[in-house]
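Just so it is clear, A, B, C and D label the chains in written order, and each chain counts residues from 1 on its own.
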């Protein structure tokens, strides 16, 4: 189990940096995962920009968003977003809260975000809005109290993405890799929708297309292909990309033989 | 022949990374070429983000998009796009399928993409639309079945670029270098057209200007000048750019003499 | 005191480069701070692009914007912006003048800049305009004379951000870190507002939400979290980021023990 | 004189790469300068992307745009743009032809480009249009014949920037540094104008403000400040930036003494 937890911390830290590296997260926002062996806990970094998160920053929380150990460093004030969603949705294993530049215009204007291409269909068939004013009146916009988190989780309901008026978005996934795909491609989709709107018409996917395209793209093939790509981009950004070394490491001797045979054809 | 194939694999891998490095491809999309010596085959990477493609990732397919050898790794599910175009168009030797951010707003809105400057004229005199709904109804949007690929190839017809509603674009070329030029400058053209539209008027090239400008820019001079530029940008992005070393390697002794004479003038 | 001044110079130089690295400053614009021990002086670089400013570039000025020592290098011609604000506002300890690409469209159009998300609320509850034409008629737009600086300071009044028609913005803060937060997030907010405007509706924060969100985000936690993030991004851009070395340096031995205990759980 | 010519070649190569590095030039476009000692000649690279130009690529032309020596490598087909402007305008010592992404929407839509902030005022008080259709009908859009270049030079007239319908822009300067300033800030100004237009109103500088602001910003101070900034950015992009080494090289011993005295205050 220690190994499983260590691997989870490393993967979660990487997911934070990977989604940040794609421009979806900046100094704020956060990514969590459910504990790999104890579904009544979740893992989340101490309070710092997601692009900086390292495995040793990851803390453990219970579903009331209380830390398992008294923390020595500042915690995210909005961690109830994660706790309340994990409580309400046993099928969710990863959550991202963010303020992506392409998503916010929808949160500000109230315009409906729609899947406009197959990759964006992974955001889910419906993307509900949540407005802090509805239940809580004038606030600092943060989702910091358990009842605020629970309200947001209710707005998410059975969906996978919820837009927060004047604030940002919260995205759920069955795994970190699926979460990264849904989060990043919803942001790309939003940018495309704005441009199409300016060209005069948003011809979105219909419900059946959304179901089919979303389902296909959340298969292991597309999700892991995208994860590998973003992962290499992160390595490049962090100065850890050495293409030749990598190629050598990834190619077992057997494969090299196959290749040289292919060349002889 | 092995050398010719090895060179083709290397060039195709580079074309994948080069077009990706210009922002036209992301985790998805793919670039293929017709086999250099056997026109009944084509070359295409195994399923991975184009920015990551190396020569050893390149597989061989027949025009029915069947792999020449049983593959050990995942294949692109949309490879019929390539196979059906090579089948229908003997003059085509390279194909790129992509979801570029500036092109998609046209695919979503249905607005006509027009050549708005001389470099964009290389997209071709007409850019038809293809809509998966027309023949296939509600699908996951992918072009994965042979009949879907054949339908797309019919929509492309004698043209060089086809826009796919709610999906992306497919571009054809007589060579990889021409393909890169047409693909990248169509994407640049699309971004310019959106901005001009917002300024209130799209004053496009007329048919004769498009023919003349497109013809000129597909000459060896412009195509190879652009290829060299993108290629150096790729080298920089991959950490393989060493300007002094390159300059030395590229300058034969004779040229240096010419230069020193010029200085004496 | 020499140490305090040296530390202030280093921090101010870093603030210049950090805000520039986030795209808010280019060749022009400048960042100052009040002298750390003498409130009747302020610190400001000699005339150079903020991204290039080093501690040894920092000069000392009195509140009439006269240099403490005869300068040997060119000074910023608009330094009265800083002097006049420090004179009028004892609570201000840092000032940034800039021409950010997302802010200028408001300065050009005269459209009101509004807080559209919680992070943008830190720009202040009201953002007044200043127009050089009102008091000075047709000028070269620069704020170079003391009376121009005083006029701008009056327009700023008790607020924290003032937009200058056909010119740029001036932002004030109680510290360099607060200034960086307000400056950068006002620029992000402006970009979001433009996109929301194009989607058809700008649903801004109301006055109470702005007060609450602005107050929260200017607390030490958010301000220092953002500063750390931008600071690491600056280190990366300057080639000074060595994640492993840093991690080692930042983790005291005691903390490592805590971590290894945590793994044993 | 050989030294003067060698210095000119080096500066011109740098200007090419510097303007390209700011995103104004891509694979196409070119930058020239009048010969430093013979006003009846000008210097221009052989045909290659401006970002790649090295001193040894620079060729000499007479004002009829004939090469002084039979070239061994491809020449720019549009070099008459440069020759005809140098012929018509003895006060011009540097010319840039480009297709910047923010300028093209004006060339496509025919909307008037106006100075919207002080830095953009350097584009000149009026920016005329030139349309190849007016005198030459349907062409490939290129300015390749002497009469086309002469026509463009007439359209430029006494101004400093001319927009070419469906093509790009040509900018003139009294020096390479002034040219870089005018070219880059006209492109920035264009982007700002588009955004202001979308916010509903373009409140441009009036004629007197343009004159005053343009005049000020073309003084040695602003022009060299911007050049230094772009030059360091180019060094960073080319991997040639070593801040500590530079700081040492730039700080003569005398200056260091001054600094340490300042610290003792």
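As a working rule, a residue touches a chain if its C-beta (ideal position, glycine included) is under 8 Å from a C-beta of that chain, and two chains touch if they have at least 3 such contacts.
These numbers were taken from a predicted model, which means no experiment stands behind them.
> Is the contact between copies subunit C and subunit D built from the same residues on both sides or from different ones, judged by whether over half of the numbers are shared?
Mostly different residues: under half of the interface numbers shared.
> Write the angle of the rotation needed to overlay subunit A on subunit C, where the fit uses Cα atoms and the result is rounded to the nearest 5°.
90
> Quick one: report the Å distance separating subunit A from subunit B, using the average Cα coordinate of each chain.
31
> Taking the mean of the CA coordinates per chain, how far is subunit A from subunit D in Å?
43
> Quick check: what residues of subunit C touch more than one other chain, meaning two or more?
198
> For this structure, enumerate the chain pairs that meet the touch criterion.
A-B, A-C, B-D, C-D
> Can you list the residues on subunit C that touch subunit A in the complex?
Checking each residue of subunit C against subunit A gives 116-119, 121, 188, 191-193, 195-196, 198-206, 208-209, 212-213, 215-216, 221-222, 225-226, 228-230, 232-233, 236, 241, 243, 247, 251, 255, 258-259, 262-265.
> In their shared complex, at which residues does subunit D touch subunit B?
That would be residues 2, 5-6, 26-28, 47-49, 51-52, 54, 56, 60, 68-69, 72, 74, 77, 99, 101-102, 104-111, 138-142, 165-168, 194, 197-198, 237-239 of subunit D.
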